[in-house]
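Two complexes, one shared chain (chain A), two partners (chain B, chain C).
For the complex of A and B:
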């Protein structure tokens, strides 16, 4: 309500108050209903926090449990999964992105259906792909690699297509005027503009895949996540802490390296 | 000999080029002048078919250009090189690669894709750059050069195409006067040596007068003057740039007032 109407018609202020009380009551009722539905009790909450405290205490000091080489190998495997998944995704996304660009395939109907199709697949997270691929190809990093690739392809295709559409048409026309075939127009007119943008996007995806790869390990797709899950099951929290710390260091190292690479690419 | 017959191009309601017929012989440097929007650029682009015509024909030594398809059309584009106002080089590629794009159409696809060019082509590119005083920048990225330098690289690329005709679309419009003069000189020297006819659109009447052997003036898509620079009297210039046509109809007079 504006100040003006509140001054001229004071009745409306009461309405606002009534409405406020009504909404608050409704909100509170919803919260209570949810707590009852989920069976949340203060006793359960206290017990859970108590256990969490015990876990935290068990984490200090972190220890590799004499398995350092195995943990390191798993970490490298995770990085390899992220790299392989990203490469596979990029390889598939390049042609899919070119097809999806408005200035390459000039058919609005095709373009609309194609892009919406990509959007649908973009909604499926890597974890879901991992569950499917682990079921199909068995436990191990292979399913994880495929899952990362499958999750990246729709997003990367869309990004590549948009990068192509935003390219400067001038150089392309310059190449076309030299009597060059469409494929070489792409090679000399568009690709040089695209390469740094696309490389930068690929590095972003490598970073995020390295972070996602740990979660995939937990559903059986190999790597550091697998080691982590094993140790949580046997309550070896000092080793869990060690792996988590090592992983945080590795992730930030990769992020720094990739950020530096992206800067030099510009 | 280039021959345009009854060439017309419409963009929706606007008639960019209106029933233009023109003949250009070898060795001529023809300056196309006129106010902006008079159809100069479109006329040039209709010749190498970067813009498709609405009606009319273009022929080169009797070869009907508008019947060409695919590979033949691309061969024609190679034979009539184009120079652009914004240079249209690939800014992230080095200068010599940009020049080599002029021969890419005639080389094997696989080696071109990996940017591998025969030594003879590279030597030739260097010679073209040398003639334009740009050889020192051969390995520099094209995007790092000044406008005047980029345009000279673009001329080298055009000459690399072994053109039989050069279309230059406002080649000096985005350059300062000194560079504009240098680029026009370079274009003139390079083409005079090889007897290549040039069709160049210019917004500066003064540059056109000095460098062209013949001047064609356009207004509202029509040719309203065609002759040697000395024939451009004060009255003619007035007529060209005021946009008033000789024997103008009342309808187009009204258009002018609406536009103004």
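For the complex of A and C:
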């Protein structure tokens, strides 16, 4: 009976099984090789998690360390950096996005190279930009704001360019048919289409910049990151927990406000 | 009512509405500009002392950033100033660090995807009937998503010491946070009929998951994981700055010696690796989506 069922089984199914096992084995081997190469040892892990447990235990109860006003000021500075960085990024991305739109600059070679160029720098984290800007322009939020803008510009430009490309030409042609100046064409034909899309993207970037801005202080670029790093360095984990909790509350407040604004603007 | 009156009424109503619109957008604009002004003031953007005349400082920065390359000696050895290999003078070591970065990202994506799969089963409405568990897991994932991976890395470096271990764990945790939510959404959109059919055939829970769930969700899981891998490589590039292993350490070193052109060289190396990984993963993702579409 069992022989029968084995024979009636489709052959392709077995090949799939073999292939699946091979890929799984290959993947496992790669994972093991990478673990060995990075030197992730169970012993080191155990010691680390032991210490982490102590840190977590030290986090309760959270305490502001008697310096609540300073933490709050740093948090406000973080928000200010996020706002300013997003604003600068948007201001720079508008012309860059217009240049990158297929229906503005029609040369396909330029378009390809330009958009790929934007893609290449899309992945660079804000902290990497902050490191060099702080070295160039000194400690403080100035470098941080620049870094946030620099990290946003490639993706924002791409989004704006795509929004322009996907814009409906109908309203623009309609306004043009009324015989108005090119400026009014933009104002009444294109702007009503673009503004809600762009505004909602700006708000998304503001949210993500608030998260990015929180770490820039690590390299001296201002904001709450500095307070965090300082307290982690001296193992003041009750204060670390306080800052993190306050930060989580701030993030959810900002996200709620931004979601409300997005709904209102739509 | 005479026609004159109707026109006057209409005009008045229109003026009122226009005025209301103007007031509304004016108030919005005023609030927005006040907020922005406060933000620029608070971040001292225009008042910060960046060491003298801003234009000169920026020019100075750019001249130090751009390497001093000379055409006639471009392909000479490392000892010749002005050659490409003098610019990339520590290439083997940087490539080593970039390999470490990519490995950290890959491992974190694998571990994170496994963790996210478990978490997503616990918070999908159609798989986890018990609401309190769903609630707790979802909130936990939300909290993880709020925390930047570099903050996690800072704490983990304090616990695990400097090195890639802390980086891998930090990235794994944040990957669980983001993929867990996406996977749960995929799980909730699963076609229940295949699960019901297996249930009717008397299959156990594991068999139901294996034949009713996995074939439906795996392509989407894989595609999101690849997307996350792209993000993780970029994120891993910054982890070394806080001591969590990878190329960030070399970036930090270049800054310590204020070698801005070296920094640019490493950055270019990093972005090209990220770019190649993005292209590869994009190609695989398109194939995954296509193969999924071909199935009925």
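One rule holds for everything that comes next: the second predicted complex is superposed on the first by the 218 of 266 C-alpha atoms of A that agree within 3 Å, B and C clash if a C-alpha of one lies under 4 Å from a C-alpha of the other, contacts with A are read in each partner's own complex, and residues count from 1 in each chain.
Simple rule for what comes next: a contact is a pair of C-beta atoms (placed from the backbone, for glycine too) under 8 Å apart; a residue touches a chain by one contact, two chains touch by 3 or more.
For clarity, every value in this text was computed on a predicted model and none was experimentally measured.
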Checklist entry - chain B versus chain C on the shared chain A, clash or fit? => result fit
Checklist outcome for this item: chain A contact check, chain B vs chain C, more residues touched by chain C
Checklist entry - Where does A:215 make contact in the superposed view: on chain B (first), on chain C (second), on both, or on neither? => result second
Item to check | chain B versus chain C as contact partner of A:61, first or second or both or neither | outcome: neither
Next on the checklist: According to the stated criteria, A:141 is in contact with first (chain B), second (chain C), both, or neither; which is it?
Outcome noted: second
Checklist entry - Taking the superposition as given, does A:196 touch the first partner, chain B, the second, chain C, both, or neither? => result first
Checklist entry - In the superposed arrangement, which partner chain does A:177 touch: chain B (first), chain C (second), both, or neither? => result first
Next on the checklist: Under the stated touch criterion, which partner chain does A:45 make contact with: chain B (first), chain C (second), both, or neither?
Outcome noted: second
Checklist entry - Given the touch rule stated above, what does A:187 touch, chain B (first), chain C (second), both, or neither? => result first
Checklist outcome for this item: Min C-alpha distance, chain B to chain C, superposed, in Å, is 5
Checklist entry - Hey, what residues of chain A end up touching chain B and chain C alike? => result none
Item to check | chain A - residues contacting chain B, complex | outcome: 170-171, 173-181, 183-184, 187-189, 192-193, 195-196
Item to check | Partner chain A, residues of chain C touching it in the complex | outcome: 35-36, 38-45, 48-51, 57, 61, 64-65, 99-100, 103-104, 106-107, 110, 143, 146-148, 150-151, 154-156, 158-161, 163-166, 168-169, 230-231, 233-235, 237-238, 241-242, 245, 248, 251-252, 255, 258, 260, 263, 267, 270-272, 274-275, 278
Item to check | Residues of chain B that touch chain A when the two form their complex | outcome: 48, 50, 74-79, 81-82, 84, 86-93, 97, 101-102, 104-105, 109, 112-113, 154, 157, 161
Checklist entry - Mind pulling up the chain A residues that touch chain C in the complex? => result 27, 30-31, 34-35, 37-40, 44-45, 47-49, 51-52, 55, 76-77, 79-84, 87, 119-121, 123-125, 127-128, 131-132, 135-138, 140-142, 144-145, 211-212, 214-215, 218-219, 222, 225, 228-229, 232-233, 235, 240, 244, 247-248, 251-252
